[in-house]
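This is the structure I have questions about; it appears just below.
Labels A, B, C and D are assigned to the chains in the order they are written; within every chain, residues are numbered from 1.
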Amino acid sequence: MVSPILVIALSLFFAFVIPLLGMVSKKLPRLVPPLAMLVNLWILITNIKFVSRGAMLVTTAGLKPPIAINLAIDRFSLLFVILIQLIGLLLSVYYLSQDNRDQRFYMLFLLNILGASGIVMTGDIFNSFVFLEILEISSFGLVASKKDRKALEGGFKYMVIGAIGSSLYLLGIIVLYLTTGSLNMAEIAKLMPHIPESIKLFAALLLLAGIGVEVELFPLNAWAPDAYHGAKDEISTQLSSIISKAGIYLAARIFFTIFNGFYALKIIFYLGVITFVIAELAALMQKNVKRMLAYSSIGQMGLLMLILSLVAKRGDVFVITTVILLALNHAFGKGLLFLSLGALSGGNGEYEIENLGGNGRANPLAGFLFTVGALSIVGMPFFFGFWSKISALISLMKTNVIYLIALVLVISLVEIYYYGNVIVNLFRGEGKKYGISIVPAAVMILFALFVIVFGIWPHPVFQIAQSAAVSLIERTTYISSIIGGM
Amino acid sequence: MKLFKFAQSRSLWMMHFCTGCGAVELPPTMTSRFDMERFGIIPMATPRQSDLLLITGYLTVKTLKRVVRAYEQMPTPRYVIGFGSCTINGGMYWDSYNVIKKLELYIPVDLYINGCMPRPEAIIDAFLKLREMIDKGEANAWKKYIENYEWYKKNQAEVFDVEKWSLKK
Amino acid sequence: MSILYFFLYLLLVTIIGLLYMGAARKITAHIQNRYGPPVYQPILDVLKLFAKKDTASHGIMHSLGPVIAYTGIAATLLFLPLGNHTPLLHFNGDLFVVLYLLVVGPLGMALGAGESANSNATIGIARALSMMLGYEIIFFMATLPVFYHYGTASIYRVIQAQGAFPDWAAILFPISFIAGLFALQGLMGEKPFELVVAPHEIASGPMVEYGGKYLGLLQIWHAVGIIVETGLFVDIFFGPQSILWFFAGTFIVFFATVIVNAVMPRFRIEQAVRFYWGLPLLLSILGILQVYIWR
Amino acid sequence: MAMFYLLLLLVLVGIVSFVLGPIKVLRNIIAFLGAVTAFFYFLTNIKPGLIYSLNIRVYNVHFEAGFSSMFFGVIITALFIIFLIASFHEENDGAYYLFAYLTLTGALAVLFAKDLISFFFFFETMSLFSFLMVLKGKSDTSFRSAFKYLVWSVFGGYAFLMGTFLKVYYTHSVMIGDISYLAGGVKLLILILLLAPFAVKAALMPFHLWAPDAYKDSKDTFTVFFSGGLSKIGVFGYFLVLFKVFTEIAVKYPYFLKAFAWLGAITAALSGIYAFMQDDAKKLLAYSSISQLGYVAVGFGIYTHFSVVAALFHALGHAVFESLLFLVVAGVYYRTKTTDLRKMGGLIKRMPLSFIGLLFGIIATSGIPPTIGFPSKWLLYEALILKGDLLLTSLVFFASITAFLYSYKLVHGIFLGKLHEEHKNVKEAPLGYAFGTVVLLVPLLVLGIIPGLVIKPIDYIVRFYLKPELGYNLANMNTPLGHVNFPVVGLVMGLTFALSLFIYLIAGKSYRAEQTDNYTATEAIDEDFELHYAGEFYGFMKKAFGRPLTWSFEKILNAFLKLFSFLGEVARGFYMGDARVYLFYVIAFFALLAYLMGGKL
């Protein structure tokens, strides 16, 4: 077998190779990321069969946990890391088509993917902090890489809030270390019962701050609209499809595995609801399509978090499955939306609805893809979104919060309203025609295919998500498989 | 057939074309003093419905064409009564440049009522005369119009634009 | 055989209706201190009209309009019991058949008048139809309590359910009866609701392009219409009558409308409709409440 | 299995005709054959009581064919064929037919669906693709109306979904089944939520706001199917919810039924009034369609055996004559390129067949015998009087009077009056339209004279749920109140018509007059003189109605939209774009948490 540690090691290696290649030729660097992703994916896929019900332990420096740093990969994390690498691969292929980027961009991109995968794979809470830092810093760079006023502004805001968040996250880790004397997630989880409530709560809140920035929870998500708006379209895709997914994973891992569905999740529940409502309402009033997408993706994350927090009420496999489905739908649908919006606006920053009027008719492919993405996000039948939304509602029902179903449906109507408005405007009147080269088109079509194919035949995704969910739910197995019996 | 003739003579629906001062004599004729409805004569709104065209007073170039049009719109059998001396010879307007002197030249007239103005008694008398004529089958002026159509048209053409004003059948 | 019977029946009622029209003219004349024409005058008019040689027609629908009109009213007549005298068909249809057949006539005339591209005609039609929003609904609401009270929708059974003089529907439901009288005035198109044929205003409205035999058909349509409309009213409100008393009743009702017609000026159209939505509507609603209270 | 095959067939035909998009002839042939095959497959293979459940692993989709679904299915599929044949004359791409077929698939699947989730699924499918059909409409405003339509129908769908979840939550069964045994008011809530989408589809006020625009702006031939066919889903839904889901409603909530009936009557009356105020033919027809569906709601609201029979019969009648009217107007538009009543007129001389179609269409709309409109109206009135709600009866009668007004305005505006100069040489509508017109005329007259033909199946649908009171055979109908022999009515009308025609023929002859040979106070008019009186046709009624005419549901809706946009503004207020403020948020957040958790720390 090939050790998954290589995923991290190789990514780092490739990242440092890039500048060297850059000296050789300007064209080479952009070939590196796809290569790296391919290798990583190959490694991960070879590992799938070794990841059984518990977590697969990958030790470093020949020491056993809890002493040593280690990766702990169970089905849940494997699913997420594969998702991240896959979207990373698609994006890096997307980059192939466009030159006039300097090599640093590709470095940042690789590091970003590295950070995300690291967060997902590590079994060590301090490492998760390290990877979080890598992730965030590289994202600041990526957002700002457009080098215009908006982009820099967005990057700056992201950096400020992200820095605060991650420092608080570190603080939380320190608190846990002081009380348990361990940095290993499994170890901490094992000792969790012995920690006094107040400390537990304190730590949980601090950690929540760090994660909240990533998953765009209400008060901590102020950076998101500007960052999404300022960044390039593909970077926005990355923000919504990769970084926030890492955040979701971290939230699930920490608050469920470590804190064992601790009631701090109640806070997440309320925050999720608030985020969901406020963001969607804000999107309703947006005339700028890209900002609208930003708000909508915040809203989606809010929905995700509130569904996730339902685990506190009842550790149910179905709820986690729903979370995964929503995450997948969001990753692909929203990614598709951002990319096709880029194609529709022809790369120049004209995201106002009236500027986009008729562009859908002028560029049919991009218009069609945007429509597909939008319909999937609002959860129309024959698209993957339908299943994720239905199962979200079902899990709401299973956990006896009927009134939330009404809320979610009303907000979904709001979603229909603004997305429908955009779609209708896209196909009204005569618009400007922009060419779309083959590679980005192919990437977008792949995104769309996922949404449509699994919208019509969702069963495989359901199965995978379920098995992943099971391995998250059985936390005792996870713990025992890392540091033997408890 | 006899019955129909009887009906025709007994029910005359009148369209009074009030071109001149003669019209003032009609209200007393209709209302309670003289009451022409006794003889089954009532005023009608449109030429389509009426049998009897009553030309009350002088005709000018301007009104003649309209009279002709109205006359042609009336379904046959149709009757014309020239009312007052103006319709006979222009009356007091005999030397006016734009008054029609002789009505006969343009549409066939069954009978004239002489005088200026004829009193209501005279009008009713005329109606009764017309009734007799119909009974006897003498009131055939409308047939004359159909027979000598071209001649009438020629006369009309001297006064106004026949093409525009007369109806195609 | 029965078909022949229908034809004679129809002919008879048509003549009676024409005589009613003559009577109306006579009455009006006397009110205006004149002699007026002989009572049989309308018959002469109709004969004259049918004797007309060449009448103008604006096309097939324009020609068929009066035909359809007469069709509608004749068909209605065959479903309407005249007091105790019942045509063969009375049991095959009830109130709603009659009500809907009554509409065929105006519709036919409307279609015919419409094809003659004459604005006056169309304005007349528009008025006629709008007037229906006024009187038709009042008439319906006025008759409803009777049918509801006797628990049937068949005119024949309503007649039979009523008795001799004291228990007539008119006595039982005086409010509805009055409302019905209001409605009847509009239904007959008499002043103050004579907006459809307003000779001095829109040149006799729908009839403006009709002369000769078309006008004749419309005349006999109107003639039968008088009998049917007043007859429906008498049937519903005056219970079972022998045929003679039935016609007496219809004549009395008709007489009332004629007198009102003779002394009334004319409404403007929206005034007329609004009038119906005022007092008559209130009365008919009161009538309905009355029957509820009785139950 | 048959049902699944049917749906599959439809989807495949749609996809094929999409692929064949550019090759017009072949595509049309395929589309046509597909529709016909589907129709006959439906007639032959699908029997009531047929059950099939499709397991897509994640979820089990249950199908069941009942009498009602058969009834509506036949109507919808037949109308689809008529729409299809006519639509070949228009400029359409392959996608248009794909969407059309998927709409039909959704509609039929809704009829077959046995469990609520898949019902919702197919309902949304239908809404989505019919939305796309409207989006492909003819005018630029079609976008706006399509959007309106989407939002409304999705609103209905979500209400239905909410109801579904409530039902599942309380009854633990996702199947379409009884909820009337539930305790408390929740069952009323579920009832209303489940009825909402059908109220939207059948354009019951106040859910009708999408309909006039959507009907006006969708392609003319599609409107035939849209108004005649898809609205039947709404009627089907009424039946489903009132009889299968809430079986004891007459006992539990009689007042709900009363309110429902009144709502239907108000819909009929008000939209009748709106209808005769319109100057656009399609908009007028849209309102008339809404008005006619109002009667159906009344029939269901009365909830007696023959009122429901009347409602279903009227639904059928609506499908026939409303589609006929829309089809004729579509043909007229095809020739004259306008639906504005003020710009047309006198076309009777140019398009006689269309005129006949429209004439009988409006006669049926006004419910005059001997057409399909009459028996249902008659039954409905009998039911109303028997129920004893006289004021409701009067309101319904008022509505049916408005039918005369808008019907005449329609026929006069298009076919009667003066022929316009630019329409001097228009031809009769092309074959596709003519075919539909003739085909629709047959049931319109036959079922008007012999209603017994369809009363029987309808009675089968209803008598399972309600005590049969209506006595009927092929010709007669008996209610406790009265009795009609429809053939006799037809016969008498024919007879008297023959008589009057005889009088007309023996009387003196007549000549054909020009339209300029007209009584215009003896003024000579020339060809282009404007004699056609069509604009402001019932203008004086504006005065008669006064202010109330200006009230509309739009205002309430706009108030809602205002509320939402206000909330949106508030929400946006949080993201004012100042980094310092955002920092403040973070700190405030922690202050708040510290305060809330203060006790525990």
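By definition in this document, a residue touches a chain if its C-beta (ideal position, glycine included) is under 8 Å from a C-beta of that chain, and two chains touch if they have at least 3 such contacts.
Here the structure is a predicted model, which is why all the values come from computation and not from measurement.
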Problem - Identifier of the chain whose CA centre is least distant from the whole-structure CA centre - result: D
Exercise for the section: Could you work out which chain's C-alpha centre is the most distant one from the centre of chain B? Expected result: A
Completion exercise
Comparing A-D with B-D, the busier interface by C-beta pairs is A-D
Exercise for the section: Please work out the Cα centroid separation of chain A and chain B, and write it as a whole number of Å. Expected result: 98
Problem - Rounded Å distance between chain B and chain D, as computed from the means of their C-alpha atoms - result: 59
Fill in the blank from the handout: Rounded to the nearest Å, the gap separating the Cα centres of chain A and chain C is 79
Handout entry: Cα-centroid distance, chain A relative to chain D, in whole angstrom
Key = 45
Handout entry: For chain C, residues that touch 2 or more chains besides their own
Key = 50-56, 203, 208-209, 212
Practice task
Would you mind listing the residues of chain B that make contact with two or more other chains?
Solution key: 46-48, 73
Exercise for the section: Return all touching chain pairs. Expected result: A-D, B-C, B-D, C-D
Problem - For the chain D and chain A complex, residues of the former touching the latter - result: 56-58, 117, 121-122, 124-125, 128, 135, 140, 143-144, 146-147, 150-151, 154-155, 158-159, 161-162, 165-166, 168-169, 564-565, 567-572, 574-575, 577, 579, 581-583, 585-586, 588-590, 593, 597, 600-601
Exercise for the section: Would you pull the chain A residues touching chain D in the complex into a rising list? Expected result: 156-157, 160-161, 164-165, 197-198, 201-202, 205, 209, 219-220, 222-223, 225-226, 267, 277-279, 281-282, 284-286, 375, 380-382, 386-387, 390, 393-394, 397, 402, 405-406, 409-410, 412-414, 416-417, 420-421, 424-425, 427-429, 457-459, 462
Fill in the blank from the handout: Listed in rising order, the residues of chain C that touch chain D in the complex are 3, 6-7, 10, 50-61, 63, 66-68, 70-72, 74-75, 78-79, 89, 91-97, 100-101, 103-104, 107, 110-111, 114-120, 122-123, 125-127, 129-130, 132-133, 136-137, 140-141, 144-145, 147-148, 151-154, 203, 208-209, 212-214, 216-217, 268-270, 273-274, 277, 284-285, 288, 291-292, 295
Practice task
Please name which positions on chain B make contact with chain D in the complex.
Solution key: 46-48, 65-67, 69-70, 73, 164-165, 167-169
Exercise for the section: Name, in rising order, each residue of chain C that touches chain B in their complex. Expected result: 25, 29, 32-38, 41, 43-45, 47-48, 50-56, 199-200, 203-204, 207-212, 215
